[in-house]
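Each of the two complexes below includes chain A, the first together with chain B, the second together with chain C.
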Partner chain A sequence: MKLNESTFFVLPAVIVLLLVVVFPLLYSVYVSLYNYDLLLPSPNFIGLGNYLEALGDSRFIASLIRTGELVIMCVTVQYLLGLLLALSLYYHVGRFRGLIVALLSIPPMIPPVVIGYMGRLIFHPVASPVNYLLEVVHIPAKPLWHTSAQTSLLTIFLLDTWQWTPFMMLLLLSGLMAIPQEYLESVRIDGASPWQEVRHVVLPLLKTVSVVAILFRALDILRIFDIIYVLTYGGPGTSSEVVSFYIYLTSFNYWRIGYGAALSWLLTIILSLLAMIYLKYVVKSF
Partner chain B sequence: MSVRRLLTVIACSIIIALLASSSFNWALAQKPYEGVRITVLVHSGHQAVPWYKYAKYIKERYGIELVVVEAPPEELFTKALLGIRSKPAKYDIIQFNSAFVADLAPYLLPLDDYIIKTPGEGGVAFGDILPCFREYQDMWGGKIYALTIDGDIFFLYYRADLFENPIERKAFKAKYGHDLEPPKTWGEFLEIAEFFTRKKGEKLCGQTLQRDFYGAAFQLKPPRVFYWYLFVYWPYIAAATKGEPHYFDPKTMKPLISTEAAIKALEVLKKATKYMPPGVLGWEWDETFTAFMKEGCVAMTIHWPDEGKRAPELAPLPIPNPPKPKLGVTLPPGVIGPDGKLYRYTMIDAAWVAGIAKNSAHPDAAWAVLSFICSPRWDLERVMAPTDFMPDTGHDPYRYSHIYSPRFLTLKPWFKVMIKAYEEAALHGFPLLKMPGAYEYLEKLATYVHAYLSGQIPDAKGALDKATAEWEKITNRFGRESQRRAYLAMWGLGA
Partner chain C sequence: MGGRTSAFKLLAYVIVALAVVITFFPIYWMLLTSLAPGKEVMVYPPKFLPTKLTLKWWEYTLSHIGASLVNSIIIAGSVSFISTTLGFIAGYGFARFRRPDDSTLFWILSIRFMPAIVAVIPYYLLFNALGLLDTYPAVIIPHLSIGIPFAVWLLRGAVTAIPKELEEAALVDGCSRLRVLIRVVFPLLLPSFLATLLFTFIWSWNEFLFALVLTDVKARPLTVAIAGMREAHGLMWGAVSAAATIAALPPLIIALFFQKYLITGLAFYRTKG
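Right after this comes the complex of A and B.
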């Protein structure tokens, strides 16, 4: 390789990247091979011991499954609702589109901690406005929402969907706006119905944006933490304990830094595999 | 100049020099640490207020520049541990939760000698601190590693206006066959909680209730739920063993949290939740305080001293013509053992204490600061807050001189209701676990207790068996023998 002027210009950025990104990653691999525990005197090399322990950790496995459930629920519903909203805004709302988009952009801008505290008020089992609305429409059920093991994950799903559906809508709307008008005009001239237009022209052209939107949201939900910390602390019991929260508990409440790093790497490996499968098979068949 | 005159000038010079030097020494004695900088790591927010407030007095008295570093409670332990391990220590003084003393002790300076060497006004009057705080917050392995700065302890609060109502007393006696009194046992607690749980529209004190009313409310959101389990667990374990309660068998370090008595305790707690507001499993401090104090819709609760400190805020009962609100305070209930003895405990919360880093570059100056902050004169100001002098600190009383202070009781006369409860609590206080991994043990206990209370795990034994298995794993990870020694150290039996 020939060193020239440009190398020196790139070098500072590369060094920063190595220090800020690559070093912590490699260090976390190193740490994951030790029983590095802040409360124990000195860490010992244990090889893959942490990884093997994780594979037998029923709480970790359960939190992974729960996270998967949450990702599937959130991404599916948020994508469908976001698409519906984006199509409605694209086809039916003309003058007020800007205003509606601005209003719908508010929830994603609210910090998740605030959403968690709002959730405590909105889903308060005694003074819940949601339960009041259920009563108004004569639905007798009074769910205990985040304070019940049966509905805690559902409550988190509802809050996340409220917050992030507009984000999905924005991405899809931007994709819609980018579709050349000529395509739509030509299918209309050919006599396509609105449904056929959406099915055969709009959705295929939204493919790239959809892939990005779904991937973004899925990765984001995998990191969900603040709402759970504020609203349920993983409970009742472990009913809303997702994998990111369990890793937090392990690393920063039990101080098992090595084991926490191993859990994080296992999660990364699983995610990478799933992302590969998603991109290779799901996206291709779209 | 004559010889005589010369001698006079020399003598005067010597006298002046001596005077100047002694006044210089006097000035030095007044500010013995002039120019020294002491860094203190404290809980952010209101707990940091007194450190800032006292910084100028410390500067005036000792010449010490106090640097206050704040950290949120969830980061405090990590920062403290890493900060005092370094040489010299990054922080001279750290505020920490006394549950972590076992992990911090190797890096903390034992304060025994300082306390002995500093009697009188400059000292901390260690014997004045209530015994429960002295023994369970400040000491570990027989040595003093910290000084209490927040006297967190628990009481059972009840609506005395309700308990004294003749209609209710008569109805209670008719139903249960004995007088309505503050509960001494968990059995009585369940009876009273059941008795007072009523729906809106039913009668309370002979009048129509304007909202649902509940027998009790606890703060049952994880991870703190374990506190309220332990209130029931301790007396049941003690009654079963006819001795002091334990978390482990001190000989084998086998957990006692899934014994028959422990299972019974968990079942009692679950039964009590039947008489609590819906959603109580997600309640934190604010919901509990609001329901009991602000909404007046709960008959009993077990909580920190805040309710007692704020007794005038007690809301009237939710009926059209309520009696004047009146707060009652006593110890949490206990259990009568087969020996006929009442086993009763309250919790000495593993609350905030402060210690000095062993690696501090200026340990004597650090002691000067700590002993100033924790001297009876100045810590009274902290625990009386909020006052005109001191904004809210979140610190609760922890000395005899606090609870009997004429100034305190003049300023907050309603606090008199707490004195007897404090006296009893000083004798019946029981500590949280204080050994390596303490938080992990208790958090895992909380997880499975909560799983049972919420119905995620259907039986108490199943839940506690799982918690026991987790406790065994933790003990094995730290080493059974070293944990056994640490557990004994918690009781002052050598570190």
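Right after this comes the complex of A and C.
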């Protein structure tokens, strides 16, 4: 009886998801086994040929490494800044906390396409207000930001950090607010300094929420696409070509759909493996 | 000790103030670029305050991207409504009849992490074969693949928080499960239901890759229209700024006026927390 009822409620969503997710994904596996090129007449079955080609595709490997660099830079900086902000708000800002949280929660809600466009405005090679501020404080560098191969990835990192640091802050702040006050009071009665309190009591209690926040962010950056499409289109050269963007070009610019499908599966496999290793490792160290 | 504490307090205020300024500057700059007269934007040294304001670019933009704006509203509205409705029913089922570590539930949640690029390739081929490219369903269907898992997870959590006794009383009185769901559970869940509607709406409104590949001109939402202005209107900074501001407006309004629901939505990210 119970089983029937549960199926009755769960089934509609499951059926829709089978149709809109599982069926297309199975079809994608099928396509990835073909020499499917929309500019050529008929696709041939080539087995794992596309996957083997990917292993020797230096542009694909380079795009993966570039994406990895971006993940490490973004996650580290965003986590540390988010923690700094959350601790500052939690310990020292009482009266305006709600208002500030509301204001800082705006960036994660804005479409990344808009963020990419904002980047074009504030990092414009000629009329950048950021470069003007650098000049005002007598920093001689005049970076070309997204229009230079040296700094294009850095610019994307800055924009992503602008958008997502508040997300880290919000999660960590909610973790902080969930700590029972009695814990902290008893630590203070024992004479712990603020630093000891944070280091030995607060940070360990934030471990779970940190793991979740970092995992979510890492998985998001591994798939980053929108900002890059608008801001650099992977360039200059291939200096900001991340893996999703390379797969996009392969599939919808060069029209090598079968090869693109294989690359996208490799990305999905890498992503799942990393998430599993990370969770296993972190859960063990608890 | 007291001196050190107030030094920390000052430092904390400086850090937070800096964060607020850095958060606001790009938004202000975009708004300014959309409202300032043409001669005052994209100049060096930059003008931080305009001498006068003009609505010229807003009028131009609204007349040019009006159709995309309507498309965005239709697509995000449909995705939000369908996802939340299905998510409500399934979320209730999972909360009341299944264990928290149910494998179907885990499967649904993991879809949220699927890279869009892996799904967009088969969608393109399938919709091309079905003649569905550049129609609303071509965007709505892929968006459901993310919207439903999101809604299931949020609403399952919300149902778990409601005491079972309330439903059991109604069941004893002879109500059917479906009636209980609508008459007893739904009113109690209304805040979470609204939060889910808002979140799935914003997610769909912001989405870009699916919409880029699967639409052309007719069904194109705002995000794709803005990205397209990149080439076509390379020098019309005011127009693109106005369009980008319009696209950022609904999320902005929600962030500011629906704080309470936003916090509910965050529960999604604190599943294990």
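We take it that the second predicted complex is superposed on the first by the 270 of 286 C-alpha atoms of A that agree within 3 Å, B and C clash if a C-alpha of one lies under 4 Å from a C-alpha of the other, contacts with A are read in each partner's own complex, and residues count from 1 in each chain.
Just so it is clear, contacts are C-beta pairs under 8 Å (C-beta built on N, C-alpha and C of every residue); 3 or more make two chains touch, one makes a residue touch a chain.
All values reported here derive from a predicted model rather than from experimental measurement.
After overlaying the two complexes on the shared chain, residue contacts for A:F252 are found with chain B and with chain C alike. With both complexes placed on chain A, chain A has more residues touched by C than by the other of chain B and chain C.
Contact with chain B, but none with chain C, is seen for A:L40 once the two complexes are overlaid on the shared chain. Look at A:F8: by the touch rule set out above, it reaches chain C but stays clear of chain B.
When both complexes are overlaid on chain A, the residue A:L144 reaches chain B alone and has no touch with chain C. By the touch criterion defined above, A:P24 reaches chain C but does not reach chain B. In the superposition on chain A, contact of A:G235 is made with chain B only, not with chain C. Look at A:V126: by the touch rule set out above, it reaches both chain B and chain C.
Applying the stated contact rule after C-alpha superposition, one finds that A:L222 touches chain C and leaves chain B untouched. Touch criterion met: A:A102 reaches chain C, while chain B stays clear of it. Counting contacts as defined above, chain A residues 124, 126, 252 meet chain B in one complex and chain C in the other. By the touch criterion given at the top, residues 5, 8-9, 11-13, 15-16, 19-20, 22-27, 29-30, 33, 41-46, 48, 86-87, 89-90, 92-94, 96-98, 104, 108, 111, 113-119, 121-126, 141-142, 144-145, 148-149, 152, 177, 202, 205-206, 208-209, 212-213, 222-223, 226-227, 230, 237, 240-241, 244, 247-248, 251-252, 254-256, 259, 262-263, 266, 269-273 of chain C touch chain A in their complex. In the complex of the two chains, the chain B residues touching chain A come out as 74, 78, 81, 103, 212, 221-223, 277-283, 436-437, 439-440, 443, 447-448, 450-457, 477-478. Within the complex formed with chain C, the chain A residues making contact are 2-3, 5-10, 12-14, 16-17, 20-21, 24-25, 27-28, 31, 84-85, 87-89, 91-93, 98, 100-107, 109-114, 117-118, 121-122, 124, 126-129, 132, 162, 165-166, 170-171, 174-175, 178, 194, 208-209, 211-213, 216, 219, 222-223, 225-226, 229-230, 244, 247-248, 251-252, 257, 260-261, 264-265, 267-268, 271, 275.
Those residues of chain A whose C-beta lies close enough to touch chain B in the complex are 37-40, 120, 124-126, 142, 144-150, 231-239, 249, 252-255.
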